[in-house]
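First chain A sits with chain B, and in the next complex the same chain sits with chain C.
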Partner chain A sequence: MSDERWLHALGQELARHRLAPEVTHHVVAEAAAHLRDSGQPALRAFGTPQGYAAAVAESLASQHRPHRRPPGRVRLRASQITKRYGRRTVLKPTDLTVHAGEVAAIVGANGCGKSTFLRICAGLLSPDSGEVVVDGVLGYCPQDGGTYDFLLPEEHFVLVGAGRGLDRARSRRLGRAGAATLQWEAGDGVQARHLSGGTRQKLNLVMAALGEPDVLLLDEPYQGFDRGTYLDFWQHVWRWRDEGRAIVVVTHLLNQLDQVDQVLDLTPATREVAA
Partner chain B sequence: MKLLTVAEMALRELSRRRGVLLLLLALPLVCYLARRDHLGQSIRFLLLGLAWAVSTSALFASGTSRRIEPRLRLSGYRSHHLYLGRLVAMWVLGLAVAAPFFALVALDRGGEVRLGALAAAMVLAVTVAAPFGLLIGAAVPRELEGTLILLVTISLQMMIDPADSITRVTPFWSSREIGTYAVDHTGSEYLTRGLLHGVLFTVLATALVAVLSTIRLRSRPHLRYAQR
Partner chain C sequence: MDQDRRGQWLRGVLDVCVLALLARRESYGYELAQALDRAGLGQIQGGTLYPVLLRLQRTDLVAAHWRDGEAGPARKYYRLTPSGEEAVRRLSTDWRGFAGRVDDLLFPAMEEVTSQ
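Now for the complex of A and B:
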């Protein structure tokens, strides 16, 4: 990789980390100056653009967390949710409250009930006890499935949009716009069955967010995403949070947890909500 | 509008399954040609083949949608939008499949058959088959079990003695009766009871689909929406 391409890639990665344009410009210029002075190839001097950008972003983030407006009213309140399958207890009494403008992450080992809890919050599954109160419109992104193999992405947008009361043109426009922000061209007439796993998940995610629901429940929506799209996904999450939506993300990837507002750990030994 | 969108998307999805469409046409055709030497049998088998094809399509359409419908409910659809939309799609598909076979019989044996009654029998076969397939799909979540139930039903319908009174509880007895009226030029009582049976069975099957779908896609009582 030439130094020019490396610097270009660095700029893109820094932007994905939501660094301000002037900061991005400054970091790239400094890196370019260092390369000029040292005569070293960029890869040897800094490593990969992705790694260097992540390190820079982390360093800057630890220096000054951006000030955010205080969270709004409660959008989702799950109280004392329990669930058993036969003799196996999947969820012991579990609470979660998410305000407008907050992101909650649900983490835990495989089989600890993350998806079950989210499906209960969405009203797709009944708990054995407890209740969920939602203030606003729900959007739900399943872990997989959720699409028709033989329909085009735009037809999925029309289908979901009609449910939300949107006309066809608006549904298509919003869907395409949402896809574009995930680096995906959704208007190219490919049936869902021919999409890669990652692109199908992008379709799932765009469908969930169509019509701007107040509460977004996302069940590991980034499966199959490449690294760049994964970062773009989190940019989406931050943007939705800034717009005042309440977001719950089931995840097993822990590297974003320091940026979410609360973490609900469903691992049996460590049941807690960390704010 | 929502109902029609569901119907449209179900039809779009089915129309892209070219292999399925070919088989949908092949099934009644084989049934017809297999007994072409015997007019009555060929027409009755054609009607049964048509009903079989449509109910199988409805069964699989039901299975395909099972995982997606919960998210559509969350997206603002009511249960009846979903099952009625799919039912409309299956009726349209069934009539599209039936039309060339009506033309085939009209050309092949038009002089020997009451064509108006044959058209009614075909429409009734499609009308009954669509909710019947959806009903099996709603009652049995796995497609293999559903397919076997359908196979048993059709086999029973084929093998059972027509004089046996139990035939009246089989789903496609109506089109058989009207088929007999069309082919054997029997009295109008065959037409009347066939129509009555078909309409009643369609209403009953649709009502059961409605009940099962509404239960499956119901709003769970633990989830409340705050008053705004």
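Now for the complex of A and C:
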């Protein structure tokens, strides 16, 4: 890896740790000066960009902790939701309340009803009993599907944008900008059926977030993402939270859980004590 | 010296050594690395040194400012703050006490095992 690429990668990694742009700039400039002075290759002097960025972030830990706004009003309230398929109970009575500016994670073993619960919250599926109240515009990102094989990405943006009161040009612009933040160039004319699985998930995510909905329901939306895009995804989640959205993420990856505001564990044996 | 051991020991005292160097005069990262090397502590990589400097800056023991180099690029210079000077005084005394107690254990033991 050339030093220039290493420094560029360092900048990206530091941004992923949510360091302020000027802090990132100074750390990169200092590393660049060190490389010029010492004549050492970057990997030898600093290790990997990921590792060095993590060490820097840790050194600055108390400084870069974002100050959290207190949560706002209730955006999503699901009360006593139940669902059965035939004789099989998928959801025992389940509650979830999410305020503006909060992230809730839904976790649990395969088949414990995570996606079912999210689809009920999204209004795509009726519960057998219980009630969901949503205050505001809702964006939903499914685990898969959700795209139209013969439409271009831009046509998807226009379609979703229309539902949220955006004109065509604005929808396209917002969609392309959203795609770019996930390292995806959505402007080229490739039909959805020819996109890779990971890119189709990016399309789903961009559609869910288009037009800044108040409530975001995300069902493991990062499948097929590479590591960098996966980290970018979580940065989006934290930014949306800071902007005051209410976010529900279905996830089986536990390393983000210490940062979320609440965890709803739908695994049958543990759900009484969780959340 | 065993490199793992050297690394372990250095981790405990690197920030103290950096403060001591800055007590003489302000300096920048690479110059500090060279000075540590000359002092016999071996090569300290940038990936180890700069996080220490950032932590010292965060805890307000050193202050930093950017200054253009005469020929080369701008460099970030570090100098002790008043609380950094205080820390150097305190840590020097602490270290002398601590190292002395380790010496008191080690050297009689060395005489024991060499006389056997």
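Keep in mind that, in the parts below, the second predicted complex is superposed on the first by the 216 of 275 C-alpha atoms of A that agree within 3 Å, B and C clash if a C-alpha of one lies under 4 Å from a C-alpha of the other, contacts with A are read in each partner's own complex, and residues count from 1 in each chain.
Throughout what follows, contacts are C-beta pairs under 8 Å (C-beta built on N, C-alpha and C of every residue); 3 or more make two chains touch, one makes a residue touch a chain.
Here the structure is a predicted model, which means the values were calculated and not measured.
Legend: residue contacts after superposition of the two complexes on their common chain; A:146 is shown touching chain B, with no touch to chain C. By the touch criterion defined above, A:191 reaches chain B but does not reach chain C. Applying the stated contact rule after C-alpha superposition, one finds that A:164 touches chain B and leaves chain C untouched. When both complexes are overlaid on chain A, the residue A:242 reaches neither chain B nor chain C. Look at A:207: by the touch rule set out above, it reaches chain B but stays clear of chain C.
Within the superposed three-chain model, A:134 lies in touch with chain B and out of touch with chain C [touch as defined at top]. In the superposition on chain A, A:126 makes contact with chain B only, not with chain C. Counting residues of chain A touched by each partner, chain B versus chain C, the larger count belongs to B. Once both structures are placed on chain A, no chain A residue is touched by chain B and, in the other complex, by chain C.
On the chain A side of its complex with chain B, the touching residues are 81, 120-127, 130-136, 138-140, 142, 145-151, 155, 158-160, 162-165, 191, 207-208, 210-211.
Of all residues in chain A, only 26-27, 29-38, 40, 44-47, 51-52, 55-56, 58-60, 62-63 touch chain C in the complex they form.
Against chain A, the residues of chain B that register as touching in their complex are 1-2, 5-6, 9, 12-14, 16-17, 64-65, 67-68, 70-72, 74-77, 219-226, 228.
Chain contact summary for the complex, chain C toward chain A: residues 28-30, 33, 45-47, 50-52, 54-55, 58, 66, 69, 72-76.
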